[in-house]
Structure formats: C-alpha cells, structure tokens
Amino acid sequence: MIAHSFRGRVFGPAQRLHGATYVVDLELRRPQLDADGLVVDIGMAGTALGDVLGELNYRNLDDEEGFESKNTTTEFLARVVFDRISQRIAAGELGETAREITSLRVTLHESHVAWGSYEGALPTSAMP
Amino acid sequence: MIAHSFRGRVFGPAQRLHGATYVVDLELRRPQLDADGLVVDIGMAGTALGDVLGELNYRNLDDEEGFESKNTTTEFLARVVFDRISQRIAAGELGETAREITSLRVTLHESHVAWGSYEGALPTSAMP
Amino acid sequence: MIAHSFRGRVFGPAQRLHGATYVVDLELRRPQLDADGLVVDIGMAGTALGDVLGELNYRNLDDEEGFESKNTTTEFLARVVFDRISQRIAAGELGETAREITSLRVTLHESHVAWGSYEGALPTSAMP
Amino acid sequence: MIAHSFRGRVFGPAQRLHGATYVVDLELRRPQLDADGLVVDIGMAGTALGDVLGELNYRNLDDEEGFESKNTTTEFLARVVFDRISQRIAAGELGETAREITSLRVTLHESHVAWGSYEGALPTSAMP
Amino acid sequence: MIAHSFRGRVFGPAQRLHGATYVVDLELRRPQLDADGLVVDIGMAGTALGDVLGELNYRNLDDEEGFESKNTTTEFLARVVFDRISQRIAAGELGETAREITSLRVTLHESHVAWGSYEGALPTSAMP
Amino acid sequence: MIAHSFRGRVFGPAQRLHGATYVVDLELRRPQLDADGLVVDIGMAGTALGDVLGELNYRNLDDEEGFESKNTTTEFLARVVFDRISQRIAAGELGETAREITSLRVTLHESHVAWGSYEGALPTSAMP
C-alpha cells in the first residue's frame, strides 16, 4: 500500500499524489527439485518477499531514496522486487538449495484487471 | 486509487501517508424486476458508480472537503459510496424504475484478502 | 452457454442475437445440519443443478417454450433456476433431509464483473 | 490443511482418510463504526483467526478431542470457527470496541467451487 | 458476448446456435521500459482492445464476414484478437513507443475453468 | 483431496499427517489448431484429467505404491500429473489430433495464494 505521483502528461490525473495496493506474486523456477522434493522452502521465500515488500509498504515512494527521478510504475516496481529477491537468493536467504533457482517472475496486481510483471533468468553468480 | 493517512495508534505504519486501490462492487436489490426484466439499467448504474468513484479517484483524501477530521478507512468509504449512490438513485440518475430498489450493498476490496462493506435499506423518499 | 436477444431500447446492441456464458452458484441454507453433518449431499445438489442448467445450455432462448414474450436477462434466469431447483427440492431429488432447507440463493455470473441473483425462502410445502 | 475421514454411505470415497485445504473468510458486522472509523482492528482480528485456525491446522481431525463422534464436514467446521471466534470476541481478544460486533459469518472455501458458511448473531453477553 | 454455432460431431450440442461471454486479457511484453517507465500507455491499450472486441461484441459470428467457413472456437478467436491488436500496434495506435513491444499473449476466458490463448512474437515490420 | 505427511525438518508441523485440496489446471499447447479449429477436444481432455486425478483423490498418499520414499509436495505431484497426462496423450486418449500437442503445463493450486507447476515439452514419441 504505497503513495506516489507520476511525471509526464501520459499519466493524466495520476500526476497527483495518489496511492495503490499491490498484491504481489512470486514465481520461482528450477529444472530439478531439491532433496526434500521442493522448489524452495515456502516459509523462507514468504519471509524474504515480505521483507522486500516491507521496505516499500506504507510509504510515499516520491520520498524514497533511489526513486527520486523515477516513475514508480507497476512495471518499474516489479523490476525492483525482482532485483531485491535475486540478491537475497544469491545471499542464501532463501536457503542453500534455492541457489538452484534459474529464473523468477514477479507480478504486481494493481486491481483485478491490471497487473505488471518482470521475468528473467537469475544473474550468474559473481566470481571472486 | 487514493492516498491518505490515518490518525490513531491502532493504525501503526498506516499513520504515514500511503495509498490504496479499491475494487468496488455495487449490489442493488428489489423485490420485482421492471417491465424490461431488469433490476437496473447496468449502463446507467455503471456510469453513476463511475462518477461517484471519479470524485475520489487519484486524490489525497486528507485534503478532501468533508473528510478533514475523519479516518477514511475502507468501511468509512463504503458508507460514503453508499450515501452518494443512494442520492443518485433518489434523483433518478439510474432511471425511473431504479426507484423501486429497496436496498444496496457497497463493497470496497482493498486486496484479495481484505474488504469492507456498507449495506442498508434505501431511505424512504421525501414526501411533499 | 446460451444465445438470446432482447427487446427494448435500453438494451442497445444487445437487441441483436448474441450470447452469454453463465457461471452459476447455488447457496442452500438451513438452521441445523442433518444427521451426517451436512446441509445437503453435494453430489445430489450438483446433479440437480447440472440437470436444471442442462435444460438451458447450448440453446437459443428466443426459441424456448415459456420464454417467448420475455427478456431472458441474467436476473430473470436466476429466478428460473431458483424456481426449478425449489421444485426439485420439494420433490425430494436432493435427498429427504434437503427438505429442511429454508432458503436459497442462485447467482449467475455473466463475467468477472457482472452478476445477478435471486434469493428467497422456499415455498411452504403444499398440504393435502 | 487437515486430514479426516467421514462416516456414512453418503460420503462415498471420502470415507477413506483424505485431506482438505480450507481458505477461511471472516466477516464481522456492526451497526456503527468505532471511534477510529473501524469495524475491528484487522490486525487483532487476523491474529485471533490465525490462532483459531492454528488449533486445527496440520492435524488429523479424527484424533482431535471433541470431534470423536462427528463428521468434520466443511459446514460443521464453519460452526466450530464461528463459536471459537465468538468466544474470543466476548473475551475482549479483538479489542474492547469489538464487543459492538453484532453478527459474524465464517466461510470455509474447500476449492474454487465449493464452500460452506455459518452465520449468526453473537450470543448476548452473560450477565452476572 | 457473442452467438455462434459449430460444425463437426466433436462439438455435440454446441452445434446448435448458442452463446458465450469472453473475458479477454492482453499481455504485452518488451525488454526495456519506455522513457516514462511504461510497457505501454494502458489507456491507449485499453481503447485499442475495446475497439477490437467491439467489432465482435453482441454479434452472431456465423454471419460475420471472414468467418463463414470457420469454427469460431475460443482458440481461433484468440488468434483473431492477436492479429488485430498486432496490426494496431504496427499502425502506431498504441503509441510510438509501443512499437518496442516484442511479443503478445491474448487470453479469452470462457468461464472460470476454461480459457484459450494465442501467444507469439510480433511480426517484423514491413520494410519499404 | 488427499492426505499425506512429509519427512524433513523443513516441513515443521506438516510432518504430521494432514491433508490438502488441489485445484488443478492443465494447459495444452500446439503451434497450429486441428481441422475443427481446436487445440484439443475439451471433453476428452477433461475426462483424461479427471481419470488421472481420480487415481489420487481421497487417498492417503503415504500408502500409495510408487510414492513410498517420496515427499508428495505440490511440485512433485505436478510432475506426476504431467507424466500421466503425457502418457495418455501418447496413447491417443485425448484424440488423434492431440498428438500435435508440443508442450504442457500442469498447475496445482493449494490455496488462493500458493501453487506449484510442472511445465515441459512432450517426450518425442518412441519409435519402433
């Protein structure tokens, strides 16, 4: 549940400060299940997603560091969530076996008719 | 899609300016259908509901006249929409036969898990 | 999945022959559960509802006996289904204990945004 | 997510031990909002509902005390949840103002097509 | 909301004139967002989709030019909508930056359980 | 509607015997429609899916042959359904033209917030 405003005539009345509730889905994919028969520990995944969303929830995004010159559209925010979840996977926060995850899709539902997604392969792990 | 803030410790982080998207359902009830076999002309009802929501959409409700000392909760807003639709029915904006409508239910869905409604009988028509 | 046309200027382009898919919900209510802990045998209820809908499915309602001078609107059809299910309950087709059902609600969903219902108490059983 | 079995020929293959996932909705009603503009503190209500469901979740209901001679049907369980939430409201666990709630509806969704509810007025508070 | 009939024994009772309501989803994809942070101007996309559907809505498809020898199945119609939206994108009707869209998916929901999609890359623009 | 238990500390209370209801979606894909304008005869596909699910429904999966040493997680079961449907397609049970289907996706919805899928190309037909 965030507040924000947009810049650009294409946004019409949404140039005013207004708000949005997003329902967020996270889809995690891997070719083989882990030894427990799981794609991921859904508890750890839920906690990580909750933490990422908690960094944005109940805020005015116009005031958030890093978003100053951005339109925080649904599709932009889907990418933000994708990047932050990817970092947590790489850091092992979704469990060791979650490093076998090869791609993600993050979807933000604005309403029952409008949504935006970002989908991509996980970045190759940085090597020392 | 509105922005607002709440007053009261019970609201926790929602005391900050934040936003919400509401998906709004309107249920109109009458004992007998009209001569066309309808409860209401769904086009006229949709226009009236759209107009009522348009008065609130893309706004910061903290700045709206009449809401100054109010917490514009989901349940509060459901009553606002109920009252405004009732007035439009009484004024004939949903068509002459819509005056046969005896009760309404207005539901604001905040997300796929949370919603608030206001439900009631229509006020008896003022008599000359 | 029916075809039909409407009479009356209020219907605009729906005066042409067109079609609709209805998803139908049946809500059955009683004050006390039966000896098995059930409102109704859901298998029998599903069969009865399927039979009632089967009488209407894949038809042009403009040609159906009994509907000749009617606009077969969503709300009109909800009443038709209500009446036919009520008769089957009275006839014992939903099981003996289903006679304890005191009210019904039939809802026809036209789309994910539009629906119509008919709700009412069951008629008192005819007495000899 | 519970396991259970049913007794009675009407249940067919469901007489075997099997399981069910219920998605549970709680609807709380009152004539007037509280001083904060709320029906209930949704956080407290969510906690109470979570606690009531936690008493049943991941269990074999055939082995639960109090259910020994019962068919733990969806409609039976809706009543169980209704009674337990009512007690928590009476005990003040949903907040002091939640005592103004006059009726509840508890719905257990078995699947996207089948559900059961229990709906009723809250018991009048016991008087000394 | 269309009427139609099918040819072929596989269709059983759907060989009779009947109807369907389709709820239509349009998914537009591109590798990079435009300068406003958007995949597409949702207003222009909604208008284009509405226009394409308006060419089919409230009609008997058996009588529509171009469909004479076709079974207008859900999957066939998904392709029709895909092709017509693709042409509008190529013609610039969804805005200049919408030409960066690289693939589409069109889904027609027949009911809450049945749907058909057509998905594909956009045709390479014709060159002079 | 199945019962099962899991082995492994990651499962917490789900190590106890409990149950689940899955709502199952089957997505069938092919590059070209058949001569009737169809991806598949939806009646045959529904029957095949019903038969595959019937082999699992109302059972305690801990006792099922072939699952003895397995955690029958949602994602594991999605693969089971995928494999069994693939075999039926190869055997011609979804009709001759269904052999043109090139990929499947099977999704098991555990609740309105959690689901698991298996998606893949159909195995190349064995040659004599």
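Each chain gets a letter, A, B, C, D, E and F, in the order it is written, and its residues are counted from 1.
Everything that follows uses one rule, which is that a contact is a pair of C-beta atoms (placed from the backbone, for glycine too) under 8 Å apart; a residue touches a chain by one contact, two chains touch by 3 or more.
For clarity, every value in this text was computed on a predicted model and none was experimentally measured.
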Furthest chain, CA centroid comparison against chain B: F
Angle (degrees, nearest 5) of the CA superposition of chain C onto chain E: 180
Interface residue overlap between copies chain B and chain D, same or different (over half shared): different
Greatest separation from chain D - chain, by CA centre: E
Computed distance of Cα centres, chain B from chain A, in Å: 32
Chain centre separation (chain B, chain F; CA means) in Å: 43
Whole-Å gap between the CA centroids of chain B and chain C: 29
Chain E: positions in contact with at least two other chains: 112
Residues of chain D that touch chain F when the two form their complex: 1-4, 13-14, 16-23, 57-60, 109-112
Complex contacts: residues of chain F adjacent to chain A: 6, 8, 10-12, 70-73, 75-76, 114, 116
Touch list for chain C against partner chain D, complex: 33, 36-39, 41-43
